[in-house]
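In this document, chain identifiers A, B, C, D, E and F correspond to the written order of the chains, with residue numbering beginning at 1 in each.
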Amino acid sequence: MNRSERFEHGMKVLTEVDGEGGQRVVESLADVSPELGHQIVAWAFGDMYARPELPPRDRQLVTLGVLTALGGCELELDVHINAALNVGLTATEISEALLHSAVYAGIPRALNATLVAKRVFAERGVSPLPADEDRLPSA
Amino acid sequence: MNRSERFEHGMKVLTEVDGEGGQRVVESLADVSPELGHQIVAWAFGDMYARPELPPRDRQLVTLGVLTALGGCELELDVHINAALNVGLTATEISEALLHSAVYAGIPRALNATLVAKRVFAERGVSPLPADEDRLPSA
Amino acid sequence: MNRSERFEHGMKVLTEVDGEGGQRVVESLADVSPELGHQIVAWAFGDMYARPELPPRDRQLVTLGVLTALGGCELELDVHINAALNVGLTATEISEALLHSAVYAGIPRALNATLVAKRVFAERGVSPLPADEDRLPSA
Amino acid sequence: MNRSERFEHGMKVLTEVDGEGGQRVVESLADVSPELGHQIVAWAFGDMYARPELPPRDRQLVTLGVLTALGGCELELDVHINAALNVGLTATEISEALLHSAVYAGIPRALNATLVAKRVFAERGVSPLPADEDRLPSA
Amino acid sequence: MNRSERFEHGMKVLTEVDGEGGQRVVESLADVSPELGHQIVAWAFGDMYARPELPPRDRQLVTLGVLTALGGCELELDVHINAALNVGLTATEISEALLHSAVYAGIPRALNATLVAKRVFAERGVSPLPADEDRLPSA
Amino acid sequence: MNRSERFEHGMKVLTEVDGEGGQRVVESLADVSPELGHQIVAWAFGDMYARPELPPRDRQLVTLGVLTALGGCELELDVHINAALNVGLTATEISEALLHSAVYAGIPRALNATLVAKRVFAERGVSPLPADEDRLPSA
């Protein structure tokens, strides 16, 4: 594949996984770092994400762990919590994955990531709670 | 103690330390991760913070160091700078603790934390400066 | 459950997941911080890991992402790469999860984690490579 | 040099490198941590930055690497991307330095820094792209 | 004070706080970065640590929080856990401060710091446990 | 270029920059993650490092900043301090770049990186000190 074909291939993967959120990020780079946009598409999605050794759902669990631990990645968490929903993780599983990360990355990192998930879930109209959950947290 | 009693105990500690700021954080989690809210209350405050081996004032010095070093924890620093004032640290001591962290975590982390303190101090109507301090920084 | 029962419950989960590696960590804390040992067992494993909302295999993918991103957690990666094998991730999937993390945490963090995996795989006598893989990396 | 002279010396260096952005940061500290403001001026710029062993252009390359890797330093990156332009790095070189950091700090850190550069470049009316670059990223 | 006097002043503070451990670090820099050694002594200890706004015991609580959160600072934790003992924190308080940091920095960072404390406590012949503590962690 | 040609191209760049240290890292991955080895060679060096927008000397200044700030990257710093010498940075400039990073990443990160430089400089028989520097740090 030449450079242009690698980009096309990566864009197909990125669009399936991230949807419009990922495309917007790449477009926002056009006037400041088109090469970073190219690498996100052609390398991160085309070369790495597309490898068959791990399915997208598993990749998103790893990605949620990494982004939560890094901190300061609210933009990227927004894209990747949407992606996680796109590739088959439920809101409940995503919420639980972020809760789980509190053990290893500490409460503040988990809290920050969970507040991003709160916004994404509201935008997507999904809830991590069981249908009948209308009780207080500790009840 | 059962789960509900652990939550009640933790909420009492959290309210003493963090005041309304902590409660608002827990409430904001009700529709996205009530279990994270429960763990903040029952575990972080009920089990850990309440231990008598270290008084609240000492705990807040450690917490300020951790949150400053982590970076990207402006929300949590807001809550914990308020908490630091609540448990007896003065604005001067808090400002100095953040200055001290510059040595170990670098100037940018200390600066970011100090700008959160600036907002909290303004909201609380407290000042870290001696009453007669109206001179230029280097004077 | 009382404190002792919470510990017993957590130790059962920890032993299933981490095996001897986790127990050794807890034992090493006996003379310096038995309470940290207790919290690892009773809270991290008993309260958090044991929750049914996410199966152990998914939890280990998140944990590998967090520990790789944090850096400086070679001891914990050793325990949790062993744990990943214990709960059903293959060496190939673990190696791929660490490769995937390079996109988000950078090559050095992924490299450090992969070198821990190399040691663990050798100790366990497992290989992430296809049986017939004896070619050069780029072949 | 006494304390006041060290401040004057540092302020001269800071003003040459950072321009108004750096001064605004120091001024914002006057009511919360004048000593942090003093140390930024007298120590960071007067003692450290002014050393002749490395010219300002080289220092800014190191600084861009550190701030990108730390994450959560958007304020400081704004000041230091301006500073990089002030001491002779071109927008193209800055954009490339941030792209380069993606290899070692991961895509999200490089993306966040690049989006700060996008804002600074727009404010300064400079572009990292060749004059004839009006093609799609992958073309 | 001139450069040499600032160094002398800082070395006095460093020696009081860190003892031989700090001196060894500075000496180890003599052939690779004498200026970093100078700055540790003259700036970090002479200018910053010596400020009266916060006593050494409080500074060490902040420092323990920062170093634990940063990770990968085993050398510095060794020096500063020794320093913490030197300025009046008990082994029990140090162990508790590191336990407390688990809430905010996660279990792995707290564990790594605690294992450094274990070595330092053994070298110093001190124990964080109550004299009659010979029970199992969860008992 | 096909996959094999991209690897060959990258290996040429890596060998020029990193020398044997880089090759050893790639070889060490052959049985655990040959794909990570491939990506280091073909992507990090072939696609990214080889871009003409920034010369190797500038790239190494950025890389030193990133690796120092990340922490826990002693292995990678060893390779990249060697690389820095290979592409024309002097020991004095490298030592100064690490000193400079102390302002932004804190003293401990700068200290850890400088101690790696100490080992590399000794192995390479180079010194960052002026020929007549045999005085005490503060003299």
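Remarks
Everything that follows uses one rule, which is that a residue touches a chain if its C-beta (ideal position, glycine included) is under 8 Å from a C-beta of that chain, and two chains touch if they have at least 3 such contacts.
Worth saying up front: this structure is predicted, and the values here are computed from it rather than measured.
The set of chains touching chain C and also touching chain F is given as A, B, D, E. Of the chain pairs listed in D-E, A-C or C-F, the one whose interface repeats that of A-B (more than half of its contact pairs identical by residue number) is C-F. Of all residue numbers used where chain A meets chain E, over half belong to both copies. The two sides are thus made of the same residues. Most remote from chain A, judged by the distance between CA-atom centroids, is E. The chain with its Cα centre farthest from the Cα centre of chain B is F. Mean C-alpha positions place chain E and chain F at a centre distance of 29 Å.
Chain centres here are Cα averages; for chain D and chain F they lie 22 Å apart.
The distance from the centre of chain C to the centre of chain D, each centre being the mean of the chain's C-alpha atoms, comes to 39 Å. Of all residues in chain C, those touching 2 or more other chains are 35, 39, 43-44, 48, 51, 66-67, 70-72, 76, 95-96, 99, 102-109, listed in ascending order.
Taken in their complex, chain E has these residues touching chain B: 43-44, 48-49, 51, 53-54, 58-59, 61-70, 76, 92-93, 95-97, 99-105. Those residues of chain D that touch chain A in the shared complex are 71-72, 95-96, 98-99, 102, 106-112, 114-115, 117-118, 121, 127-129, 133, 136-139. Per the touch definition, chain B reaches chain A in the complex via residues 3-4, 6-8, 11, 25-26, 28-42, 44, 66-67, 70-73, 75-76.
Across the interface of their complex, chain A is touched by residues 102-109 of chain E. Remark: chain B residues 35, 39, 43, 47-48, 51 touch chain C in the complex.
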